[in-house]
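Letters are used for the chains, namely A, B, C and D, taken in the order the chains are written, and counting of residues starts over at 1 for each.
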Amino acid sequence: MSTSNFTRRGMLKTGAIAGAGLALPQILSAGSHSSYMNAPTGSTVTLGFNVPQTGPYADEGADELRAYELAVEHLNGGGDGGMMGTFSSQALQGNGILGRKVEFVTGDTQTKSDAARASAKSMIEKDGAVMITGGSSSGVAIAVQGLCQEAGVIFMAGLTHSNDTTGKDKKANGFRHFFNGYMSAAALAPVLEKMYGKDRKAYHLTADYTWGWTQEESIAAATEAMGWETVNKVRTPLASTDFSSYIAPVLNSGADVLVLNHYGGNMVNSLTNAVQFGLRDKIVNGKNFEIVVPLYSRLMAKGAGENVKGIFGSTNWHWSLTDAGSKAFVKSFGTKYGFPPSQAAHTVYCQTLLYADACERAGSHNPCAVGEALEGFEFDGLGNGKTLYRAEDHQCFKDVLVVKGKENPENEFDLLEIVEVTPAAQVTYAPDHPMFAGGELGACNAG
Amino acid sequence: MSILEVENIGKRFGGLKALDNVNLSIKEGTVHALIGPNGAGKSTLLNVLVGKLVPDTGSVMFDGQSVLGRAPHEINQMGISRVFQTPEIFGDLSVMENMMIPCFAKRDGSFRMHALERMMDEKQIVASAEEMLVEMNMIDKREMHAAAMSRGDKRRLEIGMCLAQQPRLLLLDEPTAGMARADTNNTIDLLRQISEERDITIVIIEHDMHVVFSLAQRITVLAQGTPLVEDTPDNIKGHPKVREAYLGETAV
Amino acid sequence: MDVIILQLLNGLDKGSAYALIALGLTLIFGTLGVVNFAHGALFMIGAFCAVTLQKVLNISSEAIDPTKTDFLGNPLVVKTPYVVNWFGPETGALIIDWSVPLALLVAVPIMILVGFIMERGLIKHFYHRPHADQILVTFGLAIVMQELIKQGFGANAIPTGAPDAFKGSYDFGNLLGFDPNVIIYPYWRMIYFAFSAIVIGAVFAFLRFTTFGMVVRAGMADRETVGLLGINIDKRFTIMFGIAAAVAGIAGVMYAPINSPNYHMGMDFLVLSFVVVVVGGMGSLPGAVLAGFMLGILESFASMNEVKNIFPGIDQIIIYLTAIIILLVRPRGLMGKRGVMED
Amino acid sequence: MLGLNKRDTSFLIIVILLTMFTPFLMQPFSEGSAMAQFNGGYPDLMAKVAIFGIFAMGFNILFGLTGYLSFGHAAFLGVGSYSAVWMFKLLTLNVFPAIILSVIVAGLFSLLIGYISLRRSGIYFSILTLAMAEMSYRLAYSVFTPLTNGETGLQLRPGDPRILDAADASRYPNLFGLELSTSYKLEVLNHVFTFNVGFYFCAVIAIIAFYLTLRIFRSPFGMMLRAVKSNQNRMSFTGLNPRPYTLAAFVISGMYAGLAGGLLAVMDPLAGAERMQWTVGGEVVIMTILGGAGTLLGPVLGAGAIKYLENIFSKINETVLHSWFSFMPDGMEDVVVSFFAFFTGKGWALTLGLMFMLVVTFLPGGLVEGGQRIWNKIRRKKPDTPNNNPAE
């Protein structure tokens, strides 16, 4: 390796810089030139889309990226405007954000906290992104949210379902549109009661990490409140690919409902295994054996194929909704890409619009001003009915969909049918609810 | 005064008796040769002596202390060095470094870090390594990659590395195998010099009878894992059983 | 008691999957002395042979049905697989339904070909290189293979079902005199177990009773000597690699209905299969099979709450813990040979 | 100087200069130019290269010198990070106590794992280390959540005790009050250069680590380690027990890993279990081999190459590609863009895999060998160039 060559080049460079530095002394420290981190100075503003592009959630990431590109197109006045037309706040003009053309950079979270933070950091430090958004898992969302709080930019969470994101790990600079474990449980429980009765024995299989535990805690509490008995809670390692040894003893336990607190690949495999073992053909305690998947994702349900038929779960949004906002979004997304958007795509599209709208209303990109504009903001027309961005924890409160795997799908996207739209009031909880306690927002940080 | 006492050593590999009731006594300061046909158990016996193999029965005493049950490096520290049939040297290191390692081992037999010391500051060790290389007639090759040397040079280096430790007993496993006649003669001279000037006891396994009879003071003939006879070279030459069993097929 | 029988069944089934992958890995280790980190990727490609065949059989003619609409309100495009057009609805549906077993026929030649190309094009240059280099190059190859599959098929799992005839499960509870439902086991998993047993048996028989196998076994014991005998060991190595690839491939095909294939399934199995091989002992085929079944059974029992209550998190680590204990007690694994991959 | 001979001293000076001028060297393209995408001179990436350089340097002491291939060094990286964050939470946000604790804890942990694993050699050793690291990862992710905060990772909270810090002290990791995230920017001729306190902190530590590595390589201990790799048989027949030497190398490399883990936490106070996964342990193996195992500079080059590829290539999405090739006719542009999109953006891992294969196949000595070959070619053309080839 020709190190001496390098030195020579290095020396030359230093010389040049010393000269230039004399001519143009301009040493800046962070924040000295403006009131907040990465304040846009030119005619453009840069947003950072940080999504999984490799690893098991790469398909969700790809769909999120499509939605982001669509949102940017709409914000800059292109396309048919999508949900900008139905959004109750009409602050957005289609001329970018505050008159600045929206540009974006993308990065790969790899669904790993370290990689996600590295990628977000490069967006902030290298590309001057003023807002970071995206992600398809709670660990990553919480890690990046913490980073954005420290760096002084806004974080608009993508798909993250753990109670902790807006619970004990909530941050002043972080905002979540997606629903959470508690809401899933609160929406599902009444439907389960109606369908399966009050006298049921539930067996929980739970992914052995933070999200799984909050999901299990939420759904167990909600079902026990209506009279179900929890027979057993079994934790399964995240790295499991085959769940047979966890599924096999279920029938033996006397349970008649199996709750799968799994997501992603875990959910596809555990559901496939459960159906394989013929659980759904069995009659236990005189009742049909049932399976429940509290958090459904259509993209993942696809991986489980026919096994999802008739199985209940909850979802943040589904393309078959018929309100004006959803229809507008499905139309512009479907026209551009040829298939309907996923819930991940929907939530990140909404987050981008909500962020842009807050900037317009605040008249600034300053995270503190934007945060203030988002706190307590009530809106409608983004597909989930009337929605509140609660000031206390930066969580959106909106209707939750209870869905069921469709028995006779008409096409490859038609996997879930909406059973009930649970109104927002029913899934709302106090900000100091024990499942969410232990954290504090802190003060907003503008860098 | 015998320096090494081998008593009743037996070793089986599965159904095969590799060593059967071997008794051997090596006198201090002598050159003692082990001969015998292939598979007679010569190398197995050496492996037992250096701790590479544990025998099923018997005992090995070196200078009044038992050798059995000790790790090879401990046996080496007692004063037994071994030269292998195919030279075992540090092929990735330079010749000089090869020689420095036994010099270190001589000084710090037990583990010491030396992690932040400069190798070239170890003046004493450098000096003794260089001295040994001069003696081995290899000083001009000191920066050479050891693996790149000829087989004869590797053998010399290995012998030199063993000598650098100033052992009391040197075990040699066919040191002249595959050597040209001139090299063989050089080796004989070297070994004779070692035995006479350094007062090192030598046990040598050798097929080349020219080497054996030029060097050895005592010879043990092994056959099928058991000593056939032990005597002086002259008596061995005339021993009918030996001629029949072994030397008969070899031109002497 | 019923729970123990149940977990034993599970363990045998898991174990058969581990054993089958480890078997192919050991064949390559033992004969070629190559650490193949791409073996998991071969397993994955096998599974995607099944996915691809299913997709190919579902290639459809399109017709527009004006009475129905799709999600955007446009007229619905109705697709009918060509297979159905050609063979009629019943036979056509049956062929599609049996796509996984049919994929075995496709996978064997494809995997042997993949194995040949891999060995001739890449692996053969690494026979005399350090194991670390072999690991790096095959790991790179594994990444390339799985990224290519990801680009083609996406990252999410693709459901690849067993034929309808083998769906559902069998109730052993009744058979063995326990309550109904307490011991049920899916048909396809039983088939997988039987299939593994047959493949393992076939590989052993092949190595034991054919001349080719004898040469290979001799090669595993002492590679140099076999080379000296003037036998063209190169050609046999290539064939051996092809066979190992085919074993991995058909294991993947048959695994597809158990868990929907995704592009990273190979990596998921990679570490595990290495642990199995090492626990079995490098270069020992029976060792690999034994270790596979042993770890499968232990893993099944460790997942029971009764066990987990005593040792929290034991199911997370049981395989690794067992591996450590075995390697400390038996230096070369269960049936390993001295001097193989010890330097 | 500093106990080095002349050649090594000049080598060290060159390395120091390279490190100090990293903000310039990694930022060769002017802002706004099409090539600006390839600039890597931002604090996080530069610090990551330094930190993973330390990690790989330490790993190289074990693998490059003794030949023992450990797949478990991620465990020490993770333990180092956890120790540092706990120190931040309990004692003080000053970085020194955190880093010292990281090194100590990682050293003790590696002593334990090394003592057990080194009872075996070859692939059996590799699997033992792999098994222990994977166990650590899985337990950290689940059962040890009270200690590690599981999936989310251990992070700072406003309510942490931090008993040594004054109430008004900085809330971020700092060097006696100077926050590591502080940056100074220099704008020259449309280039922006960033000088970050954290990067320079890591860089100074990396230089110290490099200096120690250099000394170890040149010491009798380093010679003994190479002897272990070369011929363990001869070693024990020379009266030396290889075990303490390998164990010492294992612990030293574990401490380097712990230091790297501590620095990761210093730069970004969050410690996640994923840092202990076997893939991270595999990454450092790859960095070392890719750069050139057993060479001094190779592991650092390997670390730089992989981190650069991971962070820069993954950001080149199709929009960026379109902006590069917009001068082409439409149809052709689409073809070219979709070709490159195969290898960049979401396809960056493919490029990584191809790079492993190409480097290992054609440059068995890693990137260092590549550099040497180029150097030799240049030298053959200009025979009067002084023979200065320290990156052996």
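The rule is short, and it goes like this: contacts are C-beta pairs under 8 Å (C-beta built on N, C-alpha and C of every residue); 3 or more make two chains touch, one makes a residue touch a chain.
Only a predicted model underlies this, so the values are computations on that prediction, with no experimental measurement involved.
Participant: Measuring from the mean of all protein Cα atoms shown, which chain centre lies nearest?
Facilitator: Located nearest the centre of all protein C-alpha atoms is chain D.
Participant: If you average the Cα atoms per chain, which one ends up farthest from chain A?
Facilitator: B
Participant: Across all chain pairs, which one has the most C-beta contacts?
Facilitator: Result of the pairwise contact count: A-D comes out on top.
Participant: So what's the Cα centroid distance for chain A and chain C, whole Å?
Facilitator: Chain A and chain C have C-alpha centres separated by 34 Å.
Participant: Which integer distance in Å separates the CA centroid of chain A from that of chain B?
Facilitator: 73
Participant: Roughly how far is chain B from chain C, centre to centre by C-alpha average, rounded to an integer in Å?
Facilitator: 52
Participant: Hey, how far is the Cα centre of chain A from the one of chain D, in Å?
Facilitator: The computed centroid separation for chain A versus chain D comes out at 32 Å.
Participant: In chain C, which residues are in touch with two or more of the other chains?
Facilitator: Residues 313, 316 of chain C touch two or more partner chains.
Participant: Which residues does chain B have that touch at least 2 chains other than itself?
Facilitator: There are none in chain B.
Participant: Multi-chain contacts only, two chains or more: what residues does chain D have there?
Facilitator: Expected reply: 138, 142, 349.
Participant: Once the touch criterion is applied, which pairs of chains come out as touching?
Facilitator: Per the contact definition above, the touching pairs are A-C, A-D, B-D, C-D.
Participant: Inside the complex, what are the residues of chain C that reach chain D?
Facilitator: Its residues touching chain D are 35, 122, 125, 129, 131-133, 135-137, 139-144, 147-148, 151, 271, 274-275, 278, 282, 312-313, 316-317, 320-321, 323-324, 327-328, 331-333, 341-343.
Participant: Show me the residue ranges of chain A that touch chain C in the complex, using the header's touch definition.
Facilitator: Checking each residue of chain A against chain C gives 54-59, 62, 208, 232, 234-237, 239, 241-242, 244-246, 248-249, 251-252, 265, 268-269, 272-273, 276-278, 281-282, 284, 299-300, 302-307, 319-320, 330-331, 334-335, 340, 410-411, 413-414.
Participant: Which residues of chain D touch chain C once you look at their complex with the stated criterion?
Facilitator: The touching residues are 63, 67, 69, 116, 119-124, 127-128, 130-132, 134-135, 138-139, 142-143, 278, 282, 285-286, 289-290, 293, 342, 347, 349-350, 352-357, 360-361, 364.
Participant: Applying the document's contact rule, which stretches of chain A touch chain D when the two form their complex?
Facilitator: 1-7, 10, 13-14, 17, 20-21, 24, 26-30, 53-54, 58, 61-62, 65, 69, 104-108, 112-115, 117-119, 121-122, 125-126, 138-139, 142-143, 146-147, 150-151, 164, 169, 208-211, 235, 237-239, 439-440, 442
Participant: For chain C, which residues are in contact with chain A within the complex?
Facilitator: For this pair, the touching residues of chain C are 2-3, 6-7, 9-11, 13-14, 17, 68, 70-72, 76, 150, 154-159, 161, 167-169, 181-186, 188-189, 258-260, 262, 264-265, 268-269, 299-300, 303-305, 308, 313, 315-316.
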